[in-house]
Amino acid sequence: MDKYNYRRRKITDQIMRNLTAVATGCAVIPLIAIIGYVLTIGAGAMSWSFFTDVYQPPSNAVVSEITGEEPAYDPNDPFAGIADAPSEDPNAPVDPADNVYNAAPRGGVLHGILGTLMIAGIGLLLALPIGIFAGIYLSEYRDERYATIVRFCCDVLSGSPSIVAGVTIYVLVVLQTKQFSAFAGSIALAILMIPIVTRTTEEMLKLVPETMREAARGLGAPTWYSTFTVVLPAALPGIVTGVMLAFARGAGETAPLILTVLGSNIISTDIFKPMAALPLLTYRYTESPYPGENTQAWGAAFVLMMLVLIMNILVRVATRRTGGNSR
Amino acid sequence: MAQQLTPPQWSTGKSPMRHGDVPFRAGTVALASAVVLLVFAVAGMLYVSSQEARTAFGWDLLFGTVWNPIETELSPMSFGGWPAVRGTLLSALIALIIAAPLAIGIGIFLAELCPLSLRTPLSFLVELLAAVPSVIYGVWGVFVFIPFFNSAFANPISTTIGSYIPWFAGPISTGRGLLVTGVILALMILPTIASLTRDVLGLVPNTQREAMLAIGATRWETIWLAVIPYSRAGIIGAIMLGLGRALGETMAATMLVGNSQRISESLFAPATTAASLVANELTNSVSSLHESALISVAFALFGITLFLNFGARLLIWYVERSTRGGRS
Amino acid sequence: MTATNRTIKAMMLSLALVSALLLAACGSPAAPVAEATKPPEVAAEATAVPEATAVPEATAVPEATATTEPTKAPEATATTAVEATATVEATATMAATATLAATQAATATKVAMTAPTATTAPAVASTEWAPRQLTATLSGSGASFPNPLYQVWISVYSKNVVPGVQLSYSSVGSGQGQKDFIAYLTDFGGTDSAIKSADVASKAPDAIHLPMVLGGVMPMVNIAGIKTSLKFTPETLAGIYLGAITNWTDPRIAKDNEGVAFPDLEITPVYRSDSSGTTSIWTDYLSKVSTDWKAKVGAGSAVSFPAGIGASGNAGVSATVLNTNGAVGYVEVGYALAAGFPLPFVKNAAGNFIKPETANVSSAANGLNISSDPKKLATSITNSAAADAYPIAAFTYVLVRQTTYTDVVKAQALSDYLYWGLTTGQGATVRLGYAPLPEAMRKASMTALMTMRVAGQPVLEAPVK
């Protein structure tokens, strides 16, 4: 019986074990490739003005060699600061490198950074009360039949494509209020954040040892009091983790924003008006035919990536410490 | 010591704090109901807004082959979503074929074979892969992966195998197409399946492994013959969740698929997916029927993912219950 | 435990910081809004030209046109005068502009529209028209083709001309530009193609298409070893895209390009796989010049191409052409120049081979029969009859509402901006590779802009020059 040949079994064992390691490598390599590309190419697009300036149209006007400034505004020649006048001779050879659209990118994504923080931040503020209280309900009244329904609905929300949230808000909010707005985007992101907050809150509350609740009950504390003073504080680190992950997820979402916030090239502080957002800028700049804007796409992706990475690493550090505690 | 202890305020039955429980429960139920309401709002909106197109076209919305939102003298208005449905199914299938074996391998490695010192950082890296926003996958795909894929795979394959198998036929235009989309989607669902698989394998009681090892099985045989069969349902559930994510993924697909309503046999040719169709056209729908047809597509997407989630949760729940039973 | 607490505190702090930032940001818009209402009220009153003065003056129109003849005030265009004398719709503005023209003809000075008040006739001032310093936020969306130009306009206008105006234009494509405008989601729209006439009647009865600038679409070619400008005829272009001409050695191509040694190479036509204004211009042209094309394919922003391969976006078409030996694709001229492609010659309706240089693209709109109805300025100008016209050209439009703006300030700020774009702004066109509007069309566009009304009052009165 060849099948039970010891050497063959040994070899199969070795091969398969190595294969799983290779599979892990296959997942880690693209991750490193993606992060590496975004960080290296994106860093190339970085400059101080990338973080402090908003969108600037293309320009190949000669900047002053002394001050490094663009030509001053001249009311008689208002576009001198944008592009050189074309050659008088139509037959003069045209070098594409001189073309205004091939000029180095100018401006930055400050409007996108502020917009993303604002849209995702407001989304989080909308999602927090619902998420946390739904989580408390699911954990503290976990055996009720209604809890099963809530839990299922939560799963449906977290599993449904982000575009569906976008479509819903587009139809129910944007078309009804006749206005693309940052707030509509926030609501759409809140729909995506709620299940994350709810599920982490629930899981974290469930991790709080039953003995703590019993101790509180033994002292005669009613459920609400023990929940707020004993159970929630014990689970707080985990909940904060979930909240940060929800924020990171919301900040990176693009599809719902396409349908709700429209985008903008200026810093807008009115949440009931269209607003810029980093993922939106990344998308639009990627699809742009002009190389300068493609570079900006990498830059915007870089900032977005840093935001998400920092959030996740913070979460990791936090959970590792609390993980040690709760054991 | 006959010291009279003042009882805590709440323990006296008359304290208002005791009554706090009723509003507390009502409050949590109310906010939890918001989640339920949200699902009903989404489903209800999708149902109502898609009514117009559904009554006009019926199942043609999913299986008709011509999507022509603009009426011209030559072609009447028609909303056949098959190019999009086909694109969605094919790209998700490609993603699954690539990702499922890899992800299960990763799950096994992380749960069973990985040295302990590597387990935490590797798990973190894999989960990080899930946290990367999809638009970044899109940027990377457009500027890095597609040029690489074209020169390394698409061009050589289309000129050799492509002449015999229409699936791989050239010519390669920009390289945007279903195969590229599928590969990037595979990367995106990999961490979802891998981390769930790892969790499910972690639920397998050690007695199972020990029994297998005790009768002289190798590590792999232990995994293959005892651990995996024990958690089969859970792994299938994980794959279904991954499939759900691949079907609904919007941005990466929009940026990589080429957005063409034409059905082409070749996987290298531009195509479209349901999610990217909605993302591209909803904001510039030319008529209420067009809008309604797009919402119907979104409705179908919602229905499919709802169904998949339901099935996956059921399977995972089944595993969890049976493992609990095994322990007792 | 302390370490944990510290981390939590740090996280809470950062969260608080973010929310504080948000609150601060949300709180601030109140100020500009409050300011916004101030200056416009004055302006609104100022621009209220009474019908009483305007109507009697209208009778002077024929004289005005009579005296306007050669050089002094060509502003009084024939169309305006005809409209006014016909008096079918002798609206207040028509009369007002006619009045203006009359005054101008008489005095040959420029009239500033800031002066007229409710009681006096338009005063004659020597200052030039200048945009009002209003405070408003305007948002628009639409065509991607004119986007660089609009962004340059916006940048200069809101930085140096009227700092109080916050303008934002999102380049999302003509389709969405039209839809957002029709659904009242934006203040103005940008589009390369006119809204379908059926939709105008039912959904946007007061939409005005203002031509802003012209653009050309050109074939770009990649044949290894050939860097010269090739010559195309309508027949060869239609033949290539219909799949009837499949090799570069085809005699029909060789006939027009004597001296060019074409290799024996298959032609790969490249088309836009996504819906696009460029495709609609290209197919509109092919439908006009080829009955075959019209019968088999037709025109539209996304048609079913009988031959070739698809690629998405201008960048996609250009990349595909660059990567495929023997490929031909169609893109907007400015983009082809940036990508380094030579300009080809295309035979126009008059039989001349013309390069898509800005002057030739502008010529495509010459000799156009401009409608006197401000709502009907949108026309197809492909295959123009003008002798020096490049045949594959089109207007790109800004969509504004004639009567349904409710916010006077917004309407005034928008009309000022567009007026500025049609006058000063045209100076940026050639620098950025766009073709400026020909004079007649530019004036028609300005006249149409001035028919904008809020609550029956005109929002902009300025010289048509």
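Just so it is clear, A, B and C label the chains in written order, and each chain counts residues from 1 on its own.
Following the convention adopted for this analysis, a residue touches a chain if its C-beta (ideal position, glycine included) is under 8 Å from a C-beta of that chain, and two chains touch if they have at least 3 such contacts.
Since the model is a prediction, treat every value here as computed from it, not as a measurement.
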Interface with more contacting C-beta pairs, comparing A-B to A-C: A-B
Of all other chains, the one whose Cα centre sits farthest from chain B: C
Central chain (distance from its CA mean to the mean of all protein CA atoms): A
Chain centre separation in whole Å, for chain C relative to chain B (CA means): 42
Distance from the mean Cα position of chain B to that of chain A, given in whole angstrom: 18
Inter-chain centre distance, chain A versus chain C - centres from mean C-alpha coordinates, in Å: 35
Sites on chain C at which at least two other chains make contact: 172, 180
Residue numbers of chain A (touch at least two other chains): 287
Residue list for chain B, restricted to those that touch at least two other chains: 283
Chain A to chain C touching residues, read off their complex: 55-59, 73, 75, 77-79, 81-86, 90, 94, 96, 99-102, 114, 117-118, 121-122, 125, 174-175, 178-180, 236-237, 240, 243-244, 262-266, 268-271, 273-274, 284, 287-290, 314, 317-318, 321-322, 325
Partner chain B, residues of chain C touching it in the complex: 172-180, 196, 199, 268, 270, 273-275, 295-304, 309-312, 316, 319-320, 323-324
Touching residues on chain A, where the partner in the complex is chain B: 9-10, 12-13, 16-17, 19-24, 26-28, 30-31, 33-35, 37-38, 41, 129-130, 133-134, 136-138, 140-141, 146-147, 149-150, 152-157, 159-168, 170-172, 191, 194-195, 198, 219-225, 227, 245, 248-249, 251-255, 258-259, 279, 282-283, 286-287, 294, 297-298, 301, 304-305, 308-309, 311-312, 316, 320
Chain C-facing residues of chain B, complex: 70, 72-75, 150, 171-174, 176, 258-262, 269-270, 280-281, 283-287
Touching residues on chain B, where the partner in the complex is chain A: 7-8, 10-11, 17-18, 20-21, 23-25, 27-36, 38-39, 41-42, 45-46, 49, 101-106, 108-110, 113-114, 120, 122, 124-129, 131-140, 142-144, 187, 190-191, 194, 218-221, 223-224, 241, 244-245, 247-251, 254-255, 275, 278-279, 282-283, 294-295, 298, 301-302, 305-306, 308-310, 313
